[in-house]
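As structure tokens, here come the structures.
Both complexes shown next keep chain A, but they swap its partner, so chain B is in the first and chain C is in the second.
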Partner chain A sequence: MYYLPELVIVAAGFFVLISDLFMPKHHRKYLPPLSLGAAAIAIGLLLANVNVAAEYLGGRFVISPLTTWFKIIFLLGGAFTVLLTWNSKRFERITAPGEFFSILLFTQVGMMCLISSTDLASLYISLELSTIPLFALAAWKRGDKYSGEAGIKYVLYGALASALLLYGFGLLYASSGSLDLRVVGDTFTATPLAWIALALVISGVGFKLTLTPFHFWAADVYQGAPTPVTAYLSVASKAAGLAFMFQIFFGMFGAQLAEWQWLIAALATASMTVGNLIAIIQRNIKRFMAFSSISQAGYLIMGFIGPYPEGAPAMLFYMLIFAFTNMAVFGVIMWYDDETGRTDINDYHGLSKTNPVLALVMLLALFSLAGVPPMAGFVGKFFLFSIAAKAGMHWLVAVAAINSTISLFYYLRIVRAMYIETPTEGQRRLPVSPVMQTTLAVTTAGVIFLGVIPLFYNLIERHLTDWLRWFAGW
Partner chain B sequence: MGGPVTWLVILPLITALAILAVSSNRTHVFRWVALVGTGLHLLLTGFVTWQYWVQASRDGATTGDGLFTKLYLVERVPWFESLGIQYLVGVDGVSVAMIILTSIVIFCGVLVSWHVVERAKEFFALLLILVTGVFGVFVSFDLFLFFIFYELAVLPMYLLIGIWGTGPKEYSAMKLTIMLMASSALILVGILALHHGAPVPTFDLTQLAQHSYPLAFQSWVFPVIFIGFGVIGALYPFHTWSPDGHASAPTAVSMLHAGVLMKLGGYGALRVGIYLLPEGAKEWALVFMILTTINILYGALAAIRQKDLKYFTAYSSVSHCGFVLFGLVALNSIGIQGAVIQMFSHGIMTALFFALIGMVYGRTHTRMIPEMGGLGVRIPWLAACFYIGGLASLGLPGLFGFVAESHVFLGGFFGNPWIDTTLTRTLTIIATLSIVVTAVYVLRGLGTVFQGPLDEARFGHLTDATLTERLGSGILVAVLAIGGLVPFLFLDLISPSLVPFVERLGDALIRLGVL
Partner chain C sequence: MSLVPGLEHWFILSTLFFAIGLYGVLSRRSAVGVLIGVELMLNSTALNFVIFNRYLATPFLDGAVMMIFVIAVAAAEAVLAMAIFVQIFRSRHSVDISTMTEMRY
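Entry: the complex of A and B
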């Protein structure tokens, strides 16, 4: 029963969904802790069996340390998102909170199945399960034109990406005669048809992971969507994109990976450069974070340049760090938006005087995103860069490191607003709810300690290599 | 828990946290916490130096050759084992010298910043976090750890200048941060290349030094690393962040930055660049020798033209840091020795300058040289200290600057077997001209400020240095004098530890078939 975590989330999703029918309004405040509890139980179950490998449904649903760690990251992203919405003043006004949380939980199930599936059909279905409900979440702020725009854009781009992906899968099936990922990979021959199929599949991956040139939806959707949804998109949904890319690159084409190096390097270079350069001119902090996330995706996929035993732990570790770091940033953005209704970078002026602790949280998280030591983000990036260096791509390391410097330039703009500019007359200390305090404390602890304490990386690394050894023997 | 070297690194951090824990209203308390913390650190530095000295002499006595070349007080803890990363700290003579320098400068820095008022708590805390990074760099012998500390030392500068600076502070802070971070990107590329180029991937500097990299590899990695460190060491033409940064920074930050942080450049170029890549160094020595000659002369000539005391000192620092790099790329033992002495003596000297400028500015509210005159009558202590520092910087025998500069020039003059001696000698002679230029700007500048008629209406009410100021500047002057009068104390400390560097260069000679 190692698929119990999925069942827990499904059950919680259905319960929350129908709760709107019978639950009195004043009891709805129990929905966030309920969703959170489900996520906690699922994470607990996963952690208890973290080193297990198993197969279900005739090998179509696999459990391995890799899938387990991915699921932990998805659930963490989901749990943080629930924490952000809890106690939010704006969220108290939303209609049907039950639907909101159930949609969130269902996308989690989609992500969890995504990393566990081994054939094209279930891969596609779980990917859609993790994407389509998000269209609704992006447009959740009823009557807000930006939110509406976000929803529409997300639907249009998402549908296009999905169609391309499905076309690609179809061609792969046609050329190999099998839906099984490994069979498709093993029988892969470099025919023009296969190349077209791959190009189509990669555009689907690029959409989910916001890689340049498939990133165009990100800025508007990030800006318009409610802030917790933006946070969810940038963390959990991105992790799902990474999981999907794992399935394609390691799962399907693990054997031919050496041939991919240049493609990955080109995608990484484009994403980080474009993301960083456009981020410089942004004024809205959520748009800004969209471009920042695009560049982060560029760093992230550098892990695919190396072979699986090195790339997988480095990328998983970075994703874990990124989940904590980005959630810390979005926590502050959410809180500030909630209290003042402002989302412009310049609106953060003087925050270090009115709320020094929150400003410090933001500072540390931004430095972690920029890859400044000793924050966790640096350690994660260092491991990724190391993979590129090992493959002899020193130019890519240079590009990535220079990009980190550029990113520091724009992260410092926020720091400047918070620390160097003075607060305006009458700007007062803003209250922080206990839930928000807890969320920020947890995420900040992650930002500081994930990189310094070697435990987490070593754990991920050991589990994955142990499993790999076992897998190779089997 | 932890050995003395670890405490050396975390004591400033603990002090910083202690300061943050104190309530913001009690200005006196955290000043004292900072002073006690840095004072304790000075004692700890003394203890480490003594321990190093005792252990090293004992080793020297047993082996009979009187050389103590290895690492002492080593602490080694595995960190990310599968990637060859460990927590490895220790000291050799060069590190000990740099630690002493930093301890003295930060202690004096706290003394002269006694009257910082605005957000003083954050100021002292950030200053101490910066110093944590600096100490970390000087003691770490694992490149990953080294890099972490290096960036930790650089980044607080943004806030320190941005919040407490003067003039175009935001511009200067951003320029400084971005230039230094871009240079650390180069260092990162270099470190990763070194790591993966080694037969057994490790970040342990002592193990990497067992390996000699292929020439083609060395000739591209060396310039990457040398320029990476050269930017913070104010290598021409990458020095432009330095005058702006120093001019905008508050007093203690300028002291630390010019005094200590710029030395990270020379230290890193020596420890990582020349030590690990001697053949690469040889390939590029001439190029960098020309650049550093320009450095030395350009800095000195630019200093003549400055009206602002801080820009004046900043350009003089560019010139003097040029000596450090010039000594290094001479690639012989006396040149490298001179570079290390110059790092120390210039650190003390420039810290003294910036401290004094801060004190003068606090009284006159101007830093413009032409506006001042005759101040020596009213503030004799500051004037005397300023003159001593100035004389040290123009290389007057009897002060520390002379010892350093004479070594550097001798090193350049002796040259090395790879480059035509006529060339190195010509360059050295050109560089020596800077002494004359230095004499011109120091004597002219100081003369204008402290001598001549006094503007009674404007400066008549000035009072001389307070007790904390006297203490701060007095210590620095004393070190300059001691170093100048008994230089062998310092030479004995560092020269044995330079042997491995020279041996690596010698090995390279043999490999390349020059000898």
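Entry: the complex of A and C
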């Protein structure tokens, strides 16, 4: 019963949806702790069986250390998102909490099945289960023109990306006669048909992971969507994109990956450079974080180069760090949005005078995103850059290092707004709810300790290396 | 010369649908028109799976099963998209996507 975590989340999703119908209004405050409890139970079950490999449904649902670590990251992203919405004043007024949390839980199930599936049919269904509900979440603020615009852009881009992806899947099916990922990969021959199929599939992956030529939806959707949804998109949905890319590149084309180094390097270079350069001129902090996360996706996929056995754990470790770091940043953004309703970078002027602790949390998290040494982000980036160096792509390491420097410049713009600029007239100390304090404490602890304590990376690396040796024969 | 359509004919038909759908996506200004284009593309992929199943992977039914899933997912996507359009129409009285430029840097 190693698929119990999925069942727990499905059951919790339906329970939240149905109990919301019959619940008196004042009991709705129990929905966030309930969703959080389900996520915590699922994480506990996963951690208890972290080193297990199993197969269900005739090999169509696979459980391995890799899938388990991915599921832990998805559930952490979901749990933090629930924590952000809990006790939120602004958010409670605009939403139907029952539907919100059940949709959130259903997307979690989609992501968990995405990494566990082994054939194109279940891969596609679980990808759509983790994407389609997010369209609704992006448009959640009813009557808000920004949220509506975010929803319409996301749904149209998403439907187009899914059509392109499916056409690619169709061509792969034509060239192999099977929907099984391994069979498709093993029978892959370099025909024009296969290249078209690959291009279409990569455009679908790029949409989900916000890689550069496919990133255009991200800025508007991140800016317009409600802040907790933006946080969820930037952490859990991006992790799902990475999981999907793992499925395509390691699960399907593991044997061909060595010849595609240049493709990955080009995508990584484009994402880093475009994301970083456009982030410099942003004024809205959520839009700014969209471009920041595009550039982070660029760093992230450097782990596919090679492929080396160190690549998978390095990417997974960076994703874990990214989940904590980005959630710390979005915790502060959410809190400020909730208290004042403002999301411009200029609104953060003088935050260090009025709320020094939250300014410090933001500072640490931004330094981690930029990759300043004692923070976790530096350690994560170090492992990723070392993979590019190992493959002999020193120019890519140089590009990534220059991009990190550029990113430090724009992350410091926010630090400057908080620490150097004077507060605007009449700005006073804003209250922080206990739930938000806990969230920020946990995420900040992650930002500081994930990199310094070697336990986490060692754990991921040991589990994954054993599994990769068995899986790919490296 | 046989008059029975073969793999090539069906594939050309589905590619044509895909291309017409893509043209619709790129040229329509109404969100509903774009959605119709996307649906045409999704249906051409569903057709693809059936064709490839019939001609290239005969004894199995993988492609036919995939086709059913594709249709179901496309329906879910269309419903959600229409719901979002209705919501936008209420506040803006139009679903013209070329006017949706509220968000700038």
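The criterion applied here is as follows: the second predicted complex is superposed on the first by the 466 of 474 C-alpha atoms of A that agree within 3 Å, B and C clash if a C-alpha of one lies under 4 Å from a C-alpha of the other, contacts with A are read in each partner's own complex, and residues count from 1 in each chain.
Keep in mind that, in the parts below, a contact is a pair of C-beta atoms (placed from the backbone, for glycine too) under 8 Å apart; a residue touches a chain by one contact, two chains touch by 3 or more.
Since the structure is predicted, the reported quantities are computational estimates derived from the model, not experimental observations.
Engineer: Could you tell me if A:I125 is touching chain B, chain C, both of them or neither one (first, second, both, neither)?
Structural biologist: second
Engineer: After superposition on the shared chain, which partner residues are touched by A:Y419: those of chain B (first), chain C (second), both, or neither?
Structural biologist: first
Engineer: Tell me the contact category for A:T405 with respect to chain B and chain C: first, second, both or neither.
Structural biologist: Only chain B; A:T405 stays clear of chain C.
Engineer: By the touch definition at the top of the document, which applies to A:K238: first (chain B), second (chain C), both, or neither?
Structural biologist: neither
Engineer: Looking at chain A, does chain C or chain B touch more of its residues?
Structural biologist: For chain A, the partner with the higher number of touched residues is C.
Engineer: Between chain B (first) and chain C (second), which, if any, makes contact with A:H349: first, second, both or neither?
Structural biologist: Once the two structures are laid over each other on A, A:H349 reaches no partner at all.
Engineer: Classify the contacts of A:H215 with the two partner chains as first (chain B alone), second (chain C alone), both, or neither.
Structural biologist: After superposing on A, A:H215 lies clear of both chain B and chain C.
Engineer: Per the contact definition in the header, classify A:Q223: touching chain B only (first), chain C only (second), both, or neither.
Structural biologist: So A:Q223 only meets chain C here.
Engineer: Starting from the residues of chain A touching chain B, keep only those that also touch chain C in the other complex, and list them.
Structural biologist: none
Engineer: Quick check on the complex: what are the chain A residues that touch chain C?
Structural biologist: 120-121, 124-125, 128, 132, 135-136, 139, 142-146, 148-153, 155-156, 158-160, 162-164, 166-167, 169-171, 173-174, 177-179, 219-220, 223-224, 278, 281-284, 287
Engineer: Give the list of chain B residues in touch with chain A in this complex.
Structural biologist: 78-83, 144, 147-149, 151-152, 155, 158-159, 162-163, 170, 174, 177-178, 181-182, 184-186, 188-189, 192-193, 195-196, 201
Engineer: For chain A, which residues count as touching chain B in their complex?
Structural biologist: Checking each residue of chain A against chain B gives 367, 372-374, 378, 382-383, 385-386, 389-390, 394, 397-398, 401-402, 404-405, 408-409, 412, 415-416, 419-420, 454, 457-458, 461.
Engineer: Under the stated contact criterion, what part of chain C meets chain A in this complex?
Structural biologist: Interface residues on chain C, with respect to chain A: 18, 21, 25, 31, 34-35, 38, 41-42, 44-45, 48-49, 52-53, 56-57, 60, 62-63, 65-66, 69-70, 73, 76-77, 80-81, 83-85, 87-88, 90-92, 95, 97, 100, 102-103, 105.
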